[in-house]
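Listed after this line are the structures, all set down as structure tokens.
Across the two complexes that follow, chain A remains constant while its partner is chain B and subsequently chain C.
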Partner chain A sequence: MSLAAKLPYDHPYAGGFSGIGSQPLPTDADALDYLSRMATADGAGVETGVAVAVDAFFRDSKAAGVFDALKACCILAGARTLAGALVPVVGDAPTNVANGFVNGDFSRTSGLTGDGTSYIDSGRAADDDGQNDVHLSRYITAAGTAALFEIHIGARGPSGNLATTQIGYSAGGAFNFLAARNESQRVDVAGSQFTGFAGVTRSVSTSMTARINGSTSSAASTSGSPPSIPYYVFARNNNGSADGLSNATIAFYSIGTDIGSAGLTALDTAVTHLINRLKFALLVGENPSGLDPDTIDYIVRGYEAGGSLE
Partner chain B sequence: MTAKARITAIDRFIKGLKEDNIYTDINACCVMAGWDSLAGALTPLKGAAPTNSGLSAYDRGVGITGDGTNYLNTNRGSSDDGLNDFHVGVYASSFSTGTENYLIGSLNNNATYNAVRLASNGRVYFYNRNGSSDFAPSVYSGCLASSRDSASDMGVLFEGATYQPSSASVGNVDNRDLYVLALNDRGTTVSVSDATASFYSIGSSLGSDPATGLAALDARVSTLMADLRAIEETGFDRDALAYIRAVEAADGAYLETDVKVAINNLVSGLKSDGLWESMASSCLLCGPRTLAGALVPLRGDAPTAYGFVDGDYDREGLAGDGTSYLDSNRANDAEPQDDNHNAIYLVAKESGQDGFEMGAGLSAGRNMINASVSNVFTRCRDATEINTGLSSVGSGVIGMSRSDSSGYTVRALGGEYSATAPSDGVASENVFVYCVNNAGSPAVISSSTLAFYSIGTSVDLAKLDTHISDYVTAIGAAL
Partner chain C sequence: MAPMSNRLLVPRKTPGLLDLVPGAAAAYSLRSLSNSYADPVVTVRRSSDDAEDSFTASEVADGTLAAFAGAGDAFVKQWWDQSGNARHASQATTTAQPQIVDTGVVILDDGKPALRFDNSNDTLVLASTVAFSGEFSFYSVQRETGARLVAFGGTVVAGGDGSFFGTSSGTFVLVRNTSDTGLTVSGVDVSQRLLLAAVRSGTGTNQTTAFLNGASLATGTMASTFNLRQVGARLTVNFSGGTLSEAIAYAESHSPSTRQLLEAQIAWSYSV
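== the complex of A and B ==
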């Protein structure tokens, strides 16, 4: 990592100094607050390259009008430690249930990898958002390998109340499933477990919209009353018990109010750019500010393939 | 710092393609330069990753060089883009014609080509949905592409100019992947190339006007490649860069990074040891891609070649034939009588009659180097021939340097000899290489293979030997 991008964003010389040049710094007030909390949890400063990637996400999601809809959200990559990764972007901090996740499960560039037994309690109840005003999203960098099915994020009420909101994958049926306030009337997308962004959103009682693998689709779906239990990540909160445990690698999740079809696309773009910028900052070691997102995506893929531009 | 420079170059390229509204027309593309390894170079900018059948010669300054056997499968089918909405392009840092080969191409079952073909007749052929157009190249590098947006016309980019020949499209009846550095001939790999490819792009028509789109692609890709090459030259000596540019212009193609590094190390070394200014006339007869490039002077005026043809040159030396020679265009008396050097690098000694490797004059004040059957014979400002006793068997620098009137030093293939030989004048003829200049006519012409010559004032021959030998070794390793 270049010296400039490696300096903590709040270092006196981070913005510029003779011999290391100048570089953009994070400016969004909410981003600065989040970065400060992350640094405290990590016990070390956040590198400028990482900080500007986070800052861009805050600005992008605000510009797209989806930031206020995020009520519970974690960026599970970029931070130096697991503790830093569990610092919430907004909302309450999640709980690492039974301390199941350890630092070895965490990668700064890829995120947090499940083990089939560990999961996170998001601290956000399914009914904290309206029955017809809800969204859920996650970004995975590596697919899980659960034998039957796995849930990346979700909550399901007691038997008979299937107003489930969840995103997961059926290995048995080889399809991705995305539901919002109705477990059976949902969007299914056949194929492998798609990495990247996936999300669901609902604004009316009669239909829901989902996005995965870069495509958005809607389904007729009658909403049900959500259960008053928190969403789990890496699993589904099935009426108080974790099931559908996933060993995927998750780099981001969000829970909140409806963001609409355009909002799903915008959040997909913002999160995808965020993860790519974090990878760029950490793999390439340069400040991603000002670079075209396609440049960042291309160079990150080149580094992940084993190449270098050094 | 160089990583940042490469990132900036790539970013400028991508942003430029977007500004020109052709980025979305690119559906399969690799930037095969800049990266430190094939792993990066074969990461697709867009589309599927190509499959490498076994190419391994990669230079981050110029790209992937074909080996005549292997190729890249772009994994982009010829029918993946519209019949009348298609472009195919490649940037080559070096290519050759004369033997049938393809920079990129596919041939379908109904004889429909999509390709850039380098034909045995010396011409470059562009095929886009079978419609073709061909040109005679004047340089052997650059962006070559075609783009079609109608059934009747296609645009062609050749040597920086665009053309729009009338050319009817023919549909592909099957979907053959385009290969890079070969032709996919209905599933069989043929006409494999030894060119150096730095970039390829396949997709839909470049914008709504092929000529405009092709010109934009040319500008963006050529700028990117120039940027990436220049990054490899960071910190190079100014004179080395000037020489490299001149050689590349003469070659009509770009030099490999390792060759450029060897040139820069040579020039820097010659300067640091105080030899550069003593070399008034010199050519590196190894390293450049072509005879024309080899005759670009490192120092002084360009020589005039008599009789040599391209086939006499193979990048590791210029082979004499007993009749061909070079006029260095450097007068023997351009340096003072008692301040002079002549030197060559002998790659292979002649197998025929005993000729002279360089010299001027046939009487008083003569200069001559003769790598004879077993010994090196010399004259330096002196009519008397000296048998130095130094071995002429092998390869290496042979030179002589005089800095006073009483004698001179000879160095040959690592050995040194001090000749007690008073200077007796200085012949005024131009110094010839591969022979001696007898009043303007070549005499005792050699068939040796030489990799270097130099003429100038007195030098430290041991240091000159070190630098030239290191250069020749580096070129051998680079090729």
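== the complex of A and C ==
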């Protein structure tokens, strides 16, 4: 559709052309910094529509009061290349361990797809955040198919200190599990592996809160001292070794400090809108600025089903 | 001088693409590329009785062309060159003419008129070859729905297989022949309407750059002369399937600022 929305956001005429038209551009300073770093990694700035989607995420997460809690975070979709996708939104930079992921694993609209052997080192240690001040989240667009269990993001200490923080799925037990500083006292949600947003957060030593599939619940859970090892994505750092490798498609993850129950809901909304806006910008080719999120969601689902607005 | 309140303020007309950057070697579009251009943009044959007529950009857009076609189809006999060089692209064979009206409705791509090539034998041919032996800058607005979309193509060249600027099955293509692979960049979503550009500052190493929707796609080397002889095809075998709205060629290397000016003028003109 609109060629103007496809112009790179840093194109000198991306904002408009005299006498013909104009469109919103990203303006949030942190978003612009992120987009600039991404452009360097990608070799070119992303389309204005993509940049505006990213800008909206920064604004939404700041307005919700969760942005400052993001200490290691990647949007694994939207960028032009895998290198751009691995540029951190804020904080610690990830490592593509042994260059396991290649560009063919990356989709601009869906994210990064695991292969059951590759994983990302988030660069942020589990004990970089407080024992009772932690959150973890991920957004997946396609469920994994590991035979027994898989971890989308997590870190697990040595035997005897299972202050594990992780989000994963047990194919054997057919339930999703979400833990924060305690491997066994966690939230389990039965059913298939849920796509979309999932997150855990903890602010006290006696309980933790999790959100998945649009529902939030809490569990009594005694926190343990977190191990000094980095979280892995697409796997769990099991005391220095990757296990629970996942072949899900992950479009976003975040690690950081506690965001509370309301923060989980707000982050869910911000990330869900982000992914839909990215898809809208890339599938429809339009600038998502100003459009109702439900409208965007509806149109994107139509495109993903093979339809179009034409 | 009369006071401001007594003066009539006339809005300044937006410059056309060739007003901003004149000097094109060949320029094909269904819109007026300069404010001074008053000639037709296409000569059309209607299917009902094979009658022909020529239409300005305004007449393409305001329903005059559709009224001429009636309830039938219409096909392009000539795409007029707006550069002033009279390098019109024509096709006398009726079965090889690209379509512009489909059952009484002007063919649109994202709301803008476009020529539709049938992926079989449609092409428009220049009277003589335009050889770009050194610098050039090419631009096109196109969408591939068949095996390829050739904005600019060369005719038969001894010892080679002709020039090609466009896309082919998900790949940006700027080549001359089998001995000069030029630039080919895979991974392009050709199902979307694209703004392609290619700028060559010389025939040496890494002096040619491909651009997609205003972003650099790849830099490489194209050492051979690019021979422009056709629109919509290369040779007698590589025919296009899809829509082509605009194709412009300059025999000069555009600076980044000039290229960006043209990209912006095109991109904003084709937004809906």
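Just so it is clear, the second predicted complex is superposed on the first by the 306 of 310 C-alpha atoms of A that agree within 3 Å, B and C clash if a C-alpha of one lies under 4 Å from a C-alpha of the other, contacts with A are read in each partner's own complex, and residues count from 1 in each chain.
Throughout what follows, a residue touches a chain if its C-beta (ideal position, glycine included) is under 8 Å from a C-beta of that chain, and two chains touch if they have at least 3 such contacts.
Because the structure is a prediction, the values reported are computed rather than measured.
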Quiz item: More residues of chain A in touch with chain C or with chain B?
Solution: C
Exercise. Kindly classify A:Y253 by the partners it touches after superposition: chain B alone (first), chain C alone (second), both, or neither?
Key: neither
Quiz item: Counting only touches as set out at the top, which of chain B and chain C does A:S2 meet: first, second, both, neither?
Solution: both
Quiz item: Which of the two partners, first being chain B and second being chain C, lies in contact with A:F67: first, second, both, or neither?
Solution: neither
Quiz item: If you stack the two complexes on chain A, which partner ends up touching A:G307: first (chain B), second (chain C), both, or neither?
Solution: first
Quiz item: Looking at the overlay, what does A:F101 touch: chain B (first), chain C (second), both, or neither?
Solution: neither
Quiz item: After lining up the shared chain so the two structures overlap, which partner does A:F57 touch, if you call chain B first and chain C second: first, second, both or neither?
Solution: neither
Quiz item: Between chain B (first) and chain C (second), which does A:G43 come into contact with in this model arrangement: first, second, both, or neither?
Solution: second
Quiz item: Which parts of chain A are touched by chain B and by chain C alike?
Solution: 2, 285, 310
Quiz item: How about chain C: which of its residues touch chain A in the complex?
Solution: 12-15, 110, 141, 192-193, 195, 213-217, 257, 260-261, 263-272
Quiz prompt | chain B partner contacts - residues on chain A that touch it in the complex | solution = 2, 284-286, 291-292, 294-295, 298-299, 301-303, 305-310
Quiz item: Which residues of chain A touch chain C in their complex?
Solution: 1-8, 11-14, 16-21, 43-45, 47, 80, 285, 310
Quiz item: Given the complex with chain A, which residues does chain B contribute to the contact?
Solution: 1-4, 6-7, 10-11, 14-15, 18, 23, 34-37, 39-45
